[in-house]
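Shared between the two complexes below is chain A, which has chain B as its partner in the first and chain C in the second.
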Partner chain A sequence: MAKRSVWSDNRFWQRTAAWITGFASVLLIWLTFDTSAQISMGTDADIQNGVTKRVPAPTVINYKVTYEFNKKRQHEIPVIGGMNAEGTSAFQEKEKFFGRDDWSEAEAAELLRLGKLGSQAKNCMNCHTLLGNGAYYAPDLTKAWLDPAWGPNGSMQAMTGKSTKEEAMAEFLQHPSQYPTHARMMPNLGITAEEAKGLVAFLKHMASIDSNGFPRNFGKMQGAVNGK
Partner chain B sequence: MANSYLKSESKKLATWYFTVAAILFGAQLLFGLVAAAQYVIPGFLFELLDFSVSRMLHINALVVWMVFAMFGSVYWLLPDETGIETVGIGMGKLLFWIFTAAVTVVVLVYLFIQVGPADETTIWFINEGREYIEAPRWADLGITVVALGFVANLFMTGMKGNRSGIVTVLMADMIAFAGLYLTGMFYTDNISIDQFWWWWVIHLWVEATWEVFVGSIAAYGLITMIGAHRKVVEMWLWIEVTMLFGSGILGLGHHYFWIGTPEYWWEIGALFSALEPLPLVAMFIHVLYDWGKMQGEEDAKGQAISVITNKPAFTWFVLNAFGNFLGAGIWGFFHTLPQVNLYTHGTQFTSAHGHLAFFGAYATILVGMMYMAVQGKNGIKILNNTRSTIFATSMIVGGVVGMTVALTIAGYSDVIISRAQMGATWAGYFDAQATTWLTQGMIWRLLMGVITFVGFLFLAKDLLTTGKSANHVR
Partner chain C sequence: MNAMFEPFTDVVPSFFGTLAQGPLTLTIFLHTVIVLPMIWIYKQEKARLEQEGN
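Up next, the complex of A and B:
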């Protein structure tokens, strides 16, 4: 009697399924350990020592944050506290955040926590995208902190009548339907002054996360009208 | 639930699960219509039932009705596969009521409380604000208990009765399905870590464990509805598990391109997620091949009768084979490579894929299972289509495909204007929203949504009444 081919043997495919699944799972777990270490939040000491972390310390709110094209990586990266000779963060240039540039590690962490909890409690993600994930009913917030509209000559800052980016954003978050930019408006979500401060800190921190160049060309199209 | 031909308590419990699933399916479509209308009429229900709330209810009802129908499907097929009554059915029934009560409370809180203060109480009692798994922490714990009870029933029954290949796959798959939910249950200030684990739940559910579940259900359906040979079907099932987990587990990497995670995910995510459509092609071929083979055997006997014992259910199973490949496979592949995804990530394009994938891969086969239950409950030998079946199927399929096309067209202008040209700012976003493709796309999406909903009404009517129709062979 001719031997049956292994290719039509259920036991063979059952074992194959088990081995392939096991191998893929082990690889995923191993990569998870590596990634977890790389995306753990940095500390203020890292910033003091000039160590770039993919997710920097909450005290990043004390520094100027920009989004610059990096020649080596061939895409934009967040640059914290000015650029050094290699085109990465110099961690030197400070920037006042709600009037202070000396937020301690504990204070900054508390503010970020308030903001992150706020982003969940107010359900931001079911209209906006954060790091590109969420809903598509409102603008992506990944680099919202760097949006020129909130900057010194930006339309949003002018509309709220505030003189700094953070105050303008906080004002908008507390009374969004008072400042309509389009027929589609953000609703009032009962955000308090303190929560708004936290949310702005959360947005500034998110803008400083190394998102591998997403979104591309953010805010570089100033003056362009309707894509022309 | 009167006049039931069902002797098995497990199958009775399955019909309860299917009933709640169908109601939640209706709720999903209703809140989807509200959200779709808000794109077209921006002031619609403003500060009453805002888009964030209607959209949350839309996607949560989606996830929950599918989980209900999945539990129902397992309780339905267990007695057939194992040859015994499901072990621990009393606990199963108790858990059903707990699950249903918990879902009701969660929905009422979403609807009437909506948001809370920025502290842990909101996370525990109102919502967690994390897309798809917004359910507050208390409900998370409840769902975990329910899921563990369900897995326990499945394991006890599988170990006591005849453990077929289908049951073995389901046992392995459902424990992973329940276990993965735990990875989405903690709070962290670090949004990169937050989204890293959040994707463990979402991706490893819908692009791994749920797909394997679909493979098992399709295998069961082929055996029961067209008399396909178990040996062949189960061999295919193991090959599908190999391909689905082989591509899907590391395919998780395509969600790690831009959330702060390292660049190596570009290559890993691209390669493995590009392989993800392959098992879906295999499943498609498998279903059609077995159908042709069984019908061919019948034809060879010189009898011109269909081998299909449940026409509506089989229609939905074939739609699943095709829809899974098209919605999850093709529409997913469109934007899975990082060089494309850099621009398409988080646009209406994603939404187009989401609609066709959830529908094609899951809604279809689960509706098919509901028709299997209607057949069993009414003691029908051959369940035929009624006029309502035809209306329901064609309107739902036409509506969802229409929505997908509309959203895809809207997606092109979203991607090109908002992302590629304007660099994703606030102003760039609204420039894209104002384009003709996007505004008209949203109107078409709403119209197609209405058609889908009318189709659903026909479906509900058909599921409730077809059992009494004289159309069938008893």
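Up next, the complex of A and C:
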């Protein structure tokens, strides 16, 4: 009788398939828990103690947030409260958000919740992209807070006639049709002043999330207009 | 310019971070854990078939 090849043996393939399926299952379940731990929101204590979390506490709205190129990681990272010697967040430099830099954890969380619910109610994702989810009809909002167009010398802030980034963004959100740009015009969604405040807090917090440099090249774009 | 082995760059040290340090790190890992046991299973099955006289 001819010698049977192992390659045509059923048991060999069964055992191989069982090994790969079992191993992949364990790896993916482990990955799920590892990811949950990494994307869980930090606390105000973390910020106070200078602990960098991928998703910082809501009280990050009390701090200055910038986008700095990190040599080690070779992409931009959000830097909260000024940069330390290692090029990461120092959690020192505060920045007033709607006139205050002492938002408590509960107040900030409430504001962020209002913003999140607002973004869902107004369906921002129908046109915009938030953290990789949504559409590319309108600018990616993941790092919108860091867009220099909204900064002190930015065109958007100048257009709204406001003196701070958050007020300019809130004004634009309430009356987008009054501030047309060269790009597609945002429709008036009936956003109230309080909702706009929440949405801007939501955007500032989102910009402070370490998204491994996503969206790519945002920080390198001169002016970073439209967050492309 | 780049060294063959670069220091770990992820935010938080994690096993999965080590698998995402370059284009080949995940590939090499998966091939290792899939192919090495396959060789072992192959040898066992070969021995079994020979024992059964096939």
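By definition in this document, the second predicted complex is superposed on the first by the 190 of 228 C-alpha atoms of A that agree within 3 Å, B and C clash if a C-alpha of one lies under 4 Å from a C-alpha of the other, contacts with A are read in each partner's own complex, and residues count from 1 in each chain.
Everything that follows uses one rule, which is that a residue touches a chain if its C-beta (ideal position, glycine included) is under 8 Å from a C-beta of that chain, and two chains touch if they have at least 3 such contacts.
Predicted model only: the values in this text are computed from it and were never measured.
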### Query
So, A:Lys3: does it touch chain B (first), chain C (second), both, or neither?
second
### Query
Is A:Leu131 touching the first partner chain B, the second partner chain C, both, or neither of them?
first
### Task
Between chain B and chain C, pick out the one touching the greater number of residues of chain A.
B
### Task
Have a look at where A:Ile20 lands relative to chain B and chain C in the superposition and call it first, second, both or neither.
both
### Query
So, A:Ala109: does it touch chain B (first), chain C (second), both, or neither?
first
### Query
A:Lys64 contacts which: chain B (first), chain C (second), both, neither?
neither
### Task
May I ask you to decide whether A:Leu31 touches chain B, chain C, both, or neither, giving the answer as first, second, both or neither?
both
### Query
Is A:Arg54 touching the first partner chain B, the second partner chain C, both, or neither of them?
both
### Task
Mind working out whether A:Lys162 is in touch with chain B, chain C, both or neither, as first, second, both or neither?
neither
#### Entry: Partner chain(s) touched by A:Asp210 [first = chain B, second = chain C, both, neither]
both
### Summary
Overlap of the chain B and chain C interfaces on chain A comprises residues 9, 16, 20, 31, 34-35, 38, 54, 210
### Task
Going by the contact rule at the top, pick out the chain B residues touching chain A in the complex.
35, 38-39, 42-43, 46-47, 50-53, 55-56, 114-120, 122-123, 126-131, 134, 165, 168, 187-196, 198, 231, 234-235, 238-239, 241-242, 245-246, 249-250, 252, 255-266, 268, 342-343, 345-348, 350-351, 414, 417, 419-431, 433
#### Entry: Residues on chain A engaged by chain C in the complex (per definition of touch)
1, 3-4, 6, 9, 11-12, 15-16, 19-20, 23, 30-31, 34-35, 38, 52, 54, 72-74, 210
### Query
Given the complex with chain A, which residues does chain C contribute to the contact?
7, 9, 11-12, 14-16, 33-34, 37-38, 41-42, 45-46, 48-49, 54
### Message
Under the stated contact criterion, what part of chain A meets chain B in this complex?
### Response
8-10, 13-14, 16-17, 20-21, 24-25, 27-28, 31-32, 34-36, 38-41, 54-55, 58, 109, 112-127, 129-140, 142-144, 147-149, 155-156, 177, 181-185, 187-190, 192, 195, 198-199, 202, 206, 209-221, 224, 226-227
